[in-house]
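Below: a set of structures, written as structure tokens.
In the two complexes below, subunit A is the common chain; its partner is subunit B in one and subunit C in the other.
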Partner chain A sequence: MPSSIPVPLAAYIADCLAPDTQTLVTSVLTTPSPWLSLRLLYATLYGVDDGPRHAQQTGHEVVFVSLLRPLSLWAEMGKKMGLDFASLLRNRRITYVDGLTGGIPSTAATASTIEADTRQLPTTRPRSITLKDIKDALDDVLRRPSISTSTRPTPSGHLSSSRSADGVFSPRIPPATASPFARSVGEKPLILIDGIDFLLASQPSVSPVELQSFLATLRTKCHGLMLTCQADSPLLHWSSTSGPGHETPLERNHAHFLTGLAHSARWVFQLRGLDTGSAKDVSGVIRVSRGGDRGMYDGVGVDDSPDRSREQDLADGEWLYQLQGDSAVRVWARGE
Partner chain B sequence: MSHASLSHRRTHNLLLISKLLNQRDHASPLTLVLDTLEQPAKPLLCDYLRRARLSRTTTIFLSFETFVKPRDVEFFVQCHGDTKAPERVARQVAEAVGKSGNKRCLILIDSLATLVSMSTNPTSNLNLTAFLSSLLQPATQLRNDVQRQPPQVSVVAVYHTDIPLPYPSTSASAYSYSPSPFALLSYLATTIITVHSLSILQAEKSAQVKSQVAPVFGLAEEVEGVVIGAKPKCMGLRPEERGIVLELEHRRKSGRGVLEWFFLPTVAEKNQSGVQAAREIVTLLDDHPLFRKPKDDEDPEQALSGMTFELGLTDRQRLEREGVVLPYFDAQKAGGGEGGRILYDMGVEDDFDEEEDEI
Partner chain C sequence: MSFRKRNVGLTGSAGADGTAQTPPAPQTPPKERVPLPGVRPSPLDGRPTTSTGTASLDALLAGHSGLALGSSILIEESGTTDYAGALLRFFAAEGLLQGHHVHVVGLPEHWGRELPGAVGESEQKEKPAEHTEKMKIAWRYESLGQFGAGTNTRERQQTIPKQTAQNTEPGQAISVPFRHTFDLTKRLVHPASSKLDFVQLGMNPSQSPYIPVLEHLQTSLTRSTTDTIHRIIIPSILSPALYPPQSSQPQYILHFLHGIRSLLAAYPDRMIAIISLPLSLYPRSSGLVRWVELLNDGVLELSPFPHSADGDTQVSRGPAGTTEEPPQGLLQVHRLPILHDRGSGTGISETDWTFTLSRRKFTIRPFNLPPIEGDTEAQQASADLKGKKSDMEF
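Right, the complex of A and B next:
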């Protein structure tokens, strides 16, 4: 059975789950990033490996903030790879902060079935998508006492037994009700924010410094921070496209913000199109590079913990990927 | 000749970098470390911390983008988040310096980006120069023990050169006449260390050998979607030959600048202790196996060996040559000396013409 996490990326994604890390996913217009966000989400909830042993070690609750894409999209894409958003939301393994419908009353007239379904789910809606309201909403979510430790059923062996049975490919939906995670009271959730740059773009009054300090305070309160951001040329290379001195505030602030994020991230996943044009069997290129946060422990001295030494071995890499119709993804190195 | 200058540089500049990194004699009060995403300055900061631990210097770490307290740091000041105004940071640093009672303090700033963008915003009311000097001179806070010598404080600050300044707010028009924060910082700094990636330098060098345009990496590539470049791997290097390259610019008190390229290995041997640990690990970049010049260029003996005539001297010839007193030395003696004077007695056959001599 193919794993949900592409094998070449597994080691990197596992490293992103270490405590106090920031992960940055950048994408361009032709290569959107939801597939990778969902895989990061999956790895956070169930671990990178398929083995149940690993799943017990890594298993964090997720606060998922979506600013650009609706919940119906996430639910539909997630279903195909084995993330049952409905039950995860009801179990409070995922707390969904809906930035898209924030402040807008729902129109039930033209709703498809999946949209109607997702509307019933417990989500957190900030009053509006201003920075302040989102800050309040997140503070509120984080302040909630350890969400479901009392209501959660005791761990059972159900998960591992069901998985060993099926040998053919089928989207694996782990029974979220029987999750073997017992969150300790002090454990912090992981925060995934999709489209964080939208806050900067939609509100000219928000300065990048404010947004950075907001993220920094978030980072101290959570287990880890995962962010997705746009890295299209006009937003990143303003000096060449418009000439120095003629750039717009958005271009310059975005470049400032994104470079700053990359400097404080441990890993940067960069999605882009093929340099040579487009091809039917390649969706894009993914490059995984070490960001500016290399950890201050790798200087001199005793570095005996296995985690650290393994992490040092991970080198930057680049692969091609293809999104297939059933939402599976194939990742391979050039020439394979 | 180049050989001699190399050994001269080896002696003097290695002493200098060792003094700077160990913060001996208060050699550089403000060190500016310039880095990019291609080669962050974290390994250099680690080395500063390691040396500070060995020399028992108090370390104060101002963290703007570091969230885990590094080892070897005594005072960890979290500066991220909007609650911390720069004045509070300065006060905390002064308290830490006072508390430690140590004569030598090292303040590390892991990123100046936040401070710099705040300083361009008039509403934040931050003066970068004043803030840095308040870090360097915290002695004013310690009124109660004036008789004590003020502690030696050095600041090492990292500036990410690839982060552009945020767009100035509309009310900042008055600021367009003032120098950019980066220009200001590079004027203030007594030492500037630029951090380079070894693999990028190697790629540049191999391109130069083939007279090709040097490749660029990361943001400079200006490829859509690329934030961090795919650097070529340095193959065939031993672990102790991996590391980062430092480009040093040190301004002496006399005003003379020293420029040098160094290599700092990042993987150090384990079980370092005592004398072993105090040994200098930084070398000149020219001594690194990838950048070492080929031997034949350096050796003058070999360059002369292919000629058809003899340019060298025998021992006897050299002794005789050294014995010759040249006329201008002799002329400097009192009375002008005897060796260089022109003595001429006019004979009868000489037709002395006074008019001709006047010319």
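Right, the complex of A and C next:
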């Protein structure tokens, strides 16, 4: 079985796992992002290298907030790439905050048969899909004993194992023996929020600034933050189509919010369709570009210098990708 | 892969399900569930699907040859025509004939009396002609590929049980086919057990008009038995003729669609939804419409050709010499359920199609320009026509 993480993206995804990193994934209507979210999730849990999987526990715990997509989708796609959501949820490696079925009474779980297995998994349901309730649910999750919210700086020993490709920062401990260190007390979870921009679109009372400050607070409590957003042109380029003054608050807020996120992210993964039409064997284009968060490490400390040199090695890049029926993803450069 | 193994193991039980719908590809009724009326597994990955009531629309859905349960489709239409309405009527009529529970949002009850009737068994004799026509299309456009061919074989299979079962009552579950053919000039005779609900919007300007709708759907889904499929039909959403002014507020409409999505997620094997949206009032370039699209699993756009009404007679006896009816509009596929999200399905190489609505059926074909020799003639004809028309107008 091929590696779950596409080779061209591995170095970038590994870099996204550095502490205090914010990663932004944008997608458009024809190129949804679940496959990439799952690969980021996989890398967080098991590391980028497709090494011995039984030496799990190399990565971080994940708080996974899904606002627009059902757990059954994640479970179905995850299963095909080696993420067993059922056991990950039971082991508390993933804490799932279900923003989609929040309002539905859980008695519904007994009624259906097909997804019964995913229903009985421990998930957190916010009372409703408002910023306040999501905030409460996340605070609640982060307070739970299995995930420590200690503010001590994260010991970085466990992290290094996920970056053995890097010569400068090579792991002192091989992944297999790193496991005792992995679940250190001070470890903070990584938070992945799918569809955070829906909060902004569906609640005009929430301003982009409010949402950004929520995310900034969240960022201090977690190891890293990964966000997926929509970057469809009607949501961003309102000024070019309808002229200034004709945009609705929804469009204006979305553009401001997304731009802000891109500035505070280390890497931005953009998914979009082919510019030249559509093709049977190409699902879309993925572009990985540097976000605005590169100045953060300048002159901070000696520890970060490998990070910096490493980051400078990575250039922005653009590839084509194809999502295949068995959830495998082929990523290749143009002309390959 | 693990899911393939499961397919192999359960093929036997698929043959015994009694619906006489056994396409050649391996299929799996997930787990050991009783077959639901009008539901069959997708030939590609075995997920349960049901028919939209329109054969060519089923064929368009990424090779699953039906709409996967738990997904929703948004049909956008520009202009003043109501082609999307026809698709919705077929969808409703199909649901009623399959014994599904049909919920129609925001429309008065007489809509239910105007549903198209199914073509009777005796009239099925016209079928062979349609088949040859379809065969030719499949031959001409190889890019149609798997699903074009797939539809053919499957339809031919269907006619066999239909014809042999002529003497049985049409309402019986045994003989009910996966998909019916409807005739727009007929009226549907509602089966005695049909469940058709018309859900009205709340008109209180201070709160969301969609609250009563979501409440109704939720209670009827929780109360119904596990073998009832619910079809949600939302015609012309946001149209000012039906919807109060505040309904296009993002906090109301987006929450409503999110609520529909939650229900679909909570009852993934018992619910499907179809929504139509008038694009003339809500252009695709607006952020709100884009969010509406993002909250649906499938998005299709219908753009009727402006001249189709008077072009009909010209082109039908035109150069091609075929009995094909001229296309009445452009159909663009922006997103398909299951395929785009989950990657499972046959990818299509084109997004542009044409559609033709005739008395009997809604046909979707690849969008091709006619051959050049004929084209000049047709162009002249249409130019003449346009000239005459403008003469008359001015």
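A few notes on this one:
The criterion applied here is as follows: the second predicted complex is superposed on the first by the 270 of 336 C-alpha atoms of A that agree within 3 Å, B and C clash if a C-alpha of one lies under 4 Å from a C-alpha of the other, contacts with A are read in each partner's own complex, and residues count from 1 in each chain.
The rule is simple: a residue touches a chain if its C-beta (ideal position, glycine included) is under 8 Å from a C-beta of that chain, and two chains touch if they have at least 3 such contacts.
What you are looking at is a predicted structure, and each value in this text was computed from that prediction instead of being measured.
When the two complexes are overlaid on subunit A, subunit B and subunit C sit side by side with no clash.
By the touch criterion stated above, A:S264 is placed in contact with subunit B alone, subunit C being left untouched. In the superposition on chain A, contact of A:D232 is made with both subunit B and subunit C. Look at A:A279: by the touch rule set out above, it reaches subunit C but stays clear of subunit B.
Of the two partner chains placed by the overlay, subunit B and subunit C both lie in contact with A:T31. When the two complexes are overlaid on their common chain A, residue A:S202 makes contact with subunit C while staying clear of subunit B. When both complexes are overlaid on chain A, the residue A:R219 reaches subunit B alone and has no touch with subunit C. Between subunit B and subunit C the least C-alpha distance in the superposed model amounts to 11 Å. Subunit A residues 31, 232, 238, 247-248 lie at the interface with subunit B in one structure and with subunit C in the other.
Chain contact summary for the complex, subunit A toward subunit B: residues 20, 26-28, 31, 207-210, 212-214, 216-217, 219-220, 231-233, 236-240, 247-249, 252-253, 255-256, 258-260, 262-264, 268, 270-273, 275, 285, 287, 289-302, 315-316, 318.
Listing the residues of subunit B that touch subunit A in their complex gives 37, 40, 42-43, 45-47, 49-50, 65-68, 70-71, 78, 80-82, 111, 113-114, 117-118, 121, 160, 162-167, 169, 219, 222-231, 233, 266, 268, 270, 272. Every residue of subunit C that touches subunit A in the complex is listed here, in rising order: 1-3, 30-31, 33, 44-45, 48, 70, 218, 221-222, 226, 249-251, 254-255, 258-259, 261-270, 284-291, 293-295, 299, 334-335, 340-345, 347-351.
Across the interface of their complex, subunit C is touched by residues 29-32, 34-35, 68-73, 76-77, 79-80, 100-105, 107-108, 111-115, 129, 198, 201-205, 230, 232, 234-235, 238, 241-242, 247-248, 250-251, 254, 277-281, 283, 323-327 of subunit A.
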